[in-house]
């Protein structure tokens, strides 16, 4: 019955459909293995966030990628 | 003063603008009726999630719709 | 398959268990009626937030209730 | 180590990249100043929400903007 | 840089501290393995939700556990 | 009309009521100053998260504080 929300950067860093399917399968299996949660009612939602809209260390990811 | 977030599948399953307006009106009315919450400060945010980004039962909705 | 998160004030303003059950039942029915969503996989999570931790108009609810 | 999520209206009301960078910088600085939180691990995510998908007072922002 | 939020039932169904540590470790490793995300800036937040506050199929978990 | 959610560690690291009131006031003022958002309808919700339930770098904050 768990609900999992994964936020990560989108745009040029967005995961492929296959990677998202793998994430969903593996997170669901992990919750079943560690906590015995029922996979049938485990929900996973992935949000892809624009690099202008994600900040860490006081800077957007857009700016951080340029500095690197 | 409540805040309500509704996540549902978008893309070909996305609700119309009229359906979203109805959801917002009805959820706001429900919180007023059941809990006496002030409709004027009740906030509702609807997120439409890509079917590749929503998983249940360890599979994306994209894959589940194909199986059906 | 929708996921609904309702945040409201807790503490002395917390809803009763019966009110929470009614909210969950009614929100689920609303999504079924307006959008034809399957009630069996509709998830609703209610968060009760301390009145010191909720702000509107730049003030905590604790302060606003005293002013009233 | 805080995580901050800011939801606001997008579309014609969307903030510019410069405004989003300023928000991220200032929120991070605020958490450092008030709570002594480490800016390096402070994460800020901004969600821009379609005006059809945001409701307040039981109406979508789209409808409210027309009434005004 | 991902942010992961896991919501699950608390109270008598709450995970132990060791199980939560394992979840955090494994989800972080999964994002590193599948998407090459930097573990050092991967954030995981677990919310334990009261069984009266979690609904699925229109019923609270409290009620569902009694029916079973 | 923005909605802001701030998650930070609670327990022995929890902010005081005065600090939370300051955060709410300042975040609301920031959104008014940078984006001209109406303070009256700006909502801020602070979540205090147990140090066993917050992970970064694959470890809980509880474990990280011991290592330091």
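We just call them A, B, C, D, E and F in the order they show up, numbering each chain from 1.
We take it that a contact is a pair of C-beta atoms (placed from the backbone, for glycine too) under 8 Å apart; a residue touches a chain by one contact, two chains touch by 3 or more.
Bear in mind that the values here come from a model prediction, so they are computed numbers and not experimental data.
S.K.: Through how few touching steps can chain D be joined to chain F?
M.R.: So the least number of steps between the two chains is 1.
S.K.: If you take the chains that touch chain E and keep only those that also touch chain F, what is left?
M.R.: For chain E paired with chain F, the chains in contact with each are C, D, in label order.
S.K.: Please identify the chain with the largest separation between its CA centroid and the CA centroid of chain C.
M.R.: A
S.K.: If I compare contact pairs by residue number, which of C-E, B-C or E-F overlaps with D-F on over half of them?
M.R.: B-C
S.K.: Looking only at C-beta pairs in contact, point me to the busier pair out of B-C and A-C.
M.R.: Taking the two pairs in turn, the one with more contacts turns out to be B-C.
S.K.: What's the distance between the Cα centroids of chain B and chain D, rounded to whole Å?
M.R.: Distance between chain centres, rounded to whole Å: 20 Å.
S.K.: Indicate the whole-number Å distance between the mean C-alpha point of chain A and the mean C-alpha point of chain E.
M.R.: Result: the chain centres lie 14 Å from each other.
S.K.: Can you list the residues of chain D that touch 2 or more other chains?
M.R.: Counting only residues that touch two or more other chains, chain D contributes 1, 3, 7, 27, 41, 43, 45, 47, 54, 56.
S.K.: Provide the full list of chain pairs in touch.
M.R.: Once each pair is checked, the touching ones are A-B, A-C, A-D, A-E, B-C, B-D, B-F, C-E, C-F, D-E, D-F, E-F.
S.K.: Quick one: in the complex, what on chain D touches chain A?
M.R.: Answer in residue numbers: 17, 20-21, 24-25, 27-29, 39-48.
S.K.: How about chain B: which of its residues touch chain A in the complex?
M.R.: These residues of chain B touch chain A: 7, 47, 49, 52-60, 62-63.
S.K.: Inside the complex, what are the residues of chain F that reach chain B?
M.R.: 1, 3, 41, 43, 45
S.K.: What part of chain B is in contact with chain C in the complex they form?
M.R.: Residues of chain B touching chain C: 1-9, 15, 19, 22-23, 26-27, 30-31, 34-35, 37, 41, 54, 56, 61.
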